[in-house]
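Right, one structure below, let's go through it.
By written order: A, B, C and D. Residues from 1 in each chain.
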Amino acid sequence: MPLFDALLELADDHLVLGHRVSEWCGHAPMLEEDLAMPNMALDMIGTARSLYDYAGQVEGKGRGEDDLAYLRSEREYRNLLLVERPNGDFAHTMLRQLYFAAFMHPYWTAALTSEDETIQGIAGKAVKEMAYHIRHAGEWVIRLGDGTEESARRMADAAEALSIYVGELFEEGAAEDVPALPRRADLRATWEATIAEVFDEAGMTFEPSKYPQSGGRDGRHGEQLGHMLAEMQSVHRAHPGATW
Amino acid sequence: PEFLAAFQARVDAEQKIEPNDDMPEGYRRTLVRQIGQHAHSEIVGMLPEGNWITRAPSLRRKAALLAKVQDEGGHGLYLYSAAETLGVTRKQMTEELLDGRAKYSSIFNYPTLSWADIGTIGWLVDGAAIMNQIPLCRCSYGPYARAMIRVCKEESFHQRQGYEIVMTLARGTPEQKAMAQDSLNRWWWPSIMMFGPHDADSQHSDQSMAWKIKRFTNDELRQKFIDATVPQAEFLGLTIPDPELKWNEEKGGYDHGPIDWDEFWRVVKGFGPCARDRVAARKKAWDDGEWVREAALAHAEKRRARKLAVAAE
Amino acid sequence: MPLFDALLELADDHLVLGHRVSEWCGHAPMLEEDLAMPNMALDMIGTARSLYDYAGQVEGKGRGEDDLAYLRSEREYRNLLLVERPNGDFAHTMLRQLYFAAFMHPYWTAALTSEDETIQGIAGKAVKEMAYHIRHAGEWVIRLGDGTEESARRMADAAEALSIYVGELFEEGAAEDVPALPRRADLRATWEATIAEVFDEAGMTFEPSKYPQSGGRDGRHGEQLGHMLAEMQSVHRAHPGATW
Amino acid sequence: PEFLAAFQARVDAEQKIEPNDDMPEGYRRTLVRQIGQHAHSEIVGMLPEGNWITRAPSLRRKAALLAKVQDEGGHGLYLYSAAETLGVTRKQMTEELLDGRAKYSSIFNYPTLSWADIGTIGWLVDGAAIMNQIPLCRCSYGPYARAMIRVCKEESFHQRQGYEIVMTLARGTPEQKAMAQDSLNRWWWPSIMMFGPHDADSQHSDQSMAWKIKRFTNDELRQKFIDATVPQAEFLGLTIPDPELKWNEEKGGYDHGPIDWDEFWRVVKGFGPCARDRVAARKKAWDDGEWVREAALAHAEKRRARKLAVAAE
């Protein structure tokens, strides 16, 4: 079921990144970010819930959002490698967020005119949120890139570390044959323009990787995702069938 | 003394004191201490609940918990702002928290050991906080009173949400019900202690009452809380871990067993189970974030300099 | 069943500390310690296995070592708070190990003459291992306490951080009424002598805490144990009833 | 040239070269590189397997895995010692690993994604390593040959243990069997690539063969490995992910499908999936441990000084 699979891919992206961002909660560099982090996490987890819910309907086997989120293994998760990367420092987290949002914003914009009304509805809410994420994360990339020597070095490290995960954003995955969803490859130019604009203000240059990594869509993840899911699913799995 | 009398008269007339008004140094100091502690409590309070965000057993609960923890950060933010109107900076207050000079509510030095604790904290801890805080909405100091109105509105939402989590568990599987009861067993006494020492042993109360910073005594508030909570526990089919708890027809409220004041003072003095870990976690966040805050300042400075340079051309 | 409960307490101590120590594997400060860490972890996990196995027999309900290790929740674990503490830096880890081994060595020595032959057998193996742990960890406490300024500061921090967890070592717990097991309170003098000797060489003084923490024997743990168990039990719980 | 001929004659006569013997610089350099790489591989190899220690699904397997990872550290230790006999220090070699100058086996840049990988690594990766290493037990350089004898003995124990893990899964629940098959699918081709490029494309081979550092070509060893492994997979009821794999009666061995050399070179060049993470993990351990190593040195120094002072009295 290509639509089901494509919805899962999108949902997993949002849940996994939402989870990562939520790990900052109470541990951010300043109180304003202790508010911004759960805010962004909430946006992404909210979108994930709508997508899982719709995926469950499309599948038609009675699986709900929690079945899909809590009862699939690491190898069944289809998220991008980018979103599962550990938080690293604040520079890594903000650059990862910018990379993701700079892709999802044009994606949801394109989805606003989808032939599928449920997708339209999800896109309508998400497109505004992603605009905020671009702004918030982008401002931090600029501040850190053009801040102190240390912050510039950390931002450069983040750019170097994350560049290999960018290419996967534009792979079609299961959505190849789903006309209701935007073509990912078509969004590369917009993504590059957004990043170029931010990097320019930050005094940085985007260097695409010669050897981009992928595999997330086939469940070939990094080693960190398994640990994340072990924790995320622990209570749910310890009480099979319970209602929360 | 004349000034003090005039000030007291304004307070007695229920007039709000505002930041630019003259005020007795003691009044200012009491408020700075109290609002600061309150702000710190919100911030440290993000940790025990934050401990379960990554393990929340359903996505709906995960989202609600995230929103709640975010609200607590928000409360911290406006309380720090209220304190700042009294001439102290957030940075100063944060440093006092991290080096142990400033206190925060002892309740957050207990660990969250199961998902049920997320429900129980909402139900009991937020419930007790609201009892304490509702009178503060009429506090004589304007900015604090206004902050508290907003805080209380959100807290009572959290309290209902917490109660609903506990209800779901109490009506769930035997394991879930046991989890709820266990959680109530661990949080009941610490919640009761949140109202502070008995009136007879309370230091700051009288002056605070006169200045209308405080409006009810510790024991009055504790009694209100117990009277409100016992029927809720009964409705859930859970047992409050106090064998001496019983209805007193005469006073129209519940009598409760003796509070373990040794435990209370131990935790207040900073030897609660998680005290060291809580401050260490906040200190780590603060220290790890130093380069970020520095970079933000440096960037703002650069930007300002560039603007000036452009303007000068 | 006091014997069953007392065996679980001991087993949990060894498994939890073994798990903590195993987390160092591949991440130690030098290759020799990359060997010593799994070695110590193996000793403790081996002892835990024997204890769980015996506990299962005593209980007589057919629960084996894996049932007891993988299918009990955080609130059912009865380990000491000391052993669940996060690894912290190398100084914390080594001091925690010294504190534990300096207790377990006289404990197992006393258990060598237990009326219970299974306990005798477990003690016979464990007593040698704990002697090695005291030596290995003790040497590191000395090296770090009497090394550089930084190492002395870190060792002092560790001593300050861990002192509140010492008192619980000597609480009888479920073994109160189990004549086959040694009295814990009786071992305090030996423990203190071992620590004093090491601390003396390390140029340190042991300061007992005014407010010792306990609760582990009743399952009132710190917040870290739940995360450890979530990870430890994840695969086992995801496949109920499977054989490995 | 006379020296070279004499050296070659000793090697040809199967005499062992020992640390204090004269040897050609190229021979020394080749060995330092090879033994160093081998040692690094053992050390980095602790990481992918170490990733599952904390999640091993039974205590018995957890203990066995710990013991295995410890053995790997031990192999690293005696291999570094063998390399040190050639005049290079462990510290130097470690620094070369951490700054990317020295290589290690590319196989460890693949991630371990399920418990089955722990079995598969033992079965295939250790199996391939043994094929490579058994001839090294007869290597012309004595210390290396002796280290390899010990290594090989332990590796074949690991290999049997790994096979047994996979067998347990293959005979387990449908999910476990799927896990085993999935793991084989991911590790088969990387294992086949462990033998290096085809003989026609291999750089270092000829001279190494002449010096009896190497005794079989890459393709010979690969063929041996495939021939040994295919029946094992069949016995387990698992399918090797190579549709072109089939028995060739004529050559008395299996033919296999084409190897993805782009993938091979990509990973060899340091762009394997976990390459960055592996080196980062080792570097973090090294950097975080610096104060410990410094303290150990400082303490040894103090102790020596005190001993001298006592002796001088």
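Heads up, the rule we're going with is that a residue touches a chain if its C-beta (ideal position, glycine included) is under 8 Å from a C-beta of that chain, and two chains touch if they have at least 3 such contacts.
Chain by chain, the UniProt names read as follows: A, C = Phenylacetate-CoA oxygenase subunit PaaC.
Predicted, not measured: the structure shown is a model, and the values here were computed from it.
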item	value
Intersection of contact partners for chain B and chain C	A
A-B or A-D - the one linked by more C-beta pairs in contact	A-B
Inter-chain centre distance, chain A versus chain D - centres from mean C-alpha coordinates, in Å	36
Intercentroid distance (Cα basis), chain D paired with chain C, Å	34
Centre-of-Cα separation between chain C and chain A, whole angstrom	41
Multi-chain contact sites of chain C, meaning residues that touch two or more partners	73, 230-231, 234-235
Interface hub residues of chain D, defined as touching at least two other chains	55
Sites on chain A touched by chain C in the complex	73, 227, 229-231, 233-235, 237-238, 240
Residues of chain C that touch chain D when the two form their complex	15, 19, 22-23, 25-35, 38-39, 41-42, 45-46, 48-49, 52, 65-66, 69-70, 89-90, 142-144, 146-148, 150-151, 154, 228, 231-232, 234-236, 239, 241-244
Touch list for chain A against partner chain D, complex	73-75, 161, 164, 210-211, 213, 215, 219-223, 226, 230
Chain A-facing residues of chain B, complex	43, 46-47, 50, 53-63, 66-67, 69-70, 73-74, 76-77, 80, 90, 115, 165, 168, 172-173, 175-176, 281, 284-286, 288-296, 298-300, 302
Interfacial residue positions of chain D with respect to chain A in the complex	48, 51, 55, 111-114, 182, 186, 266, 269, 271, 273-274, 276-277
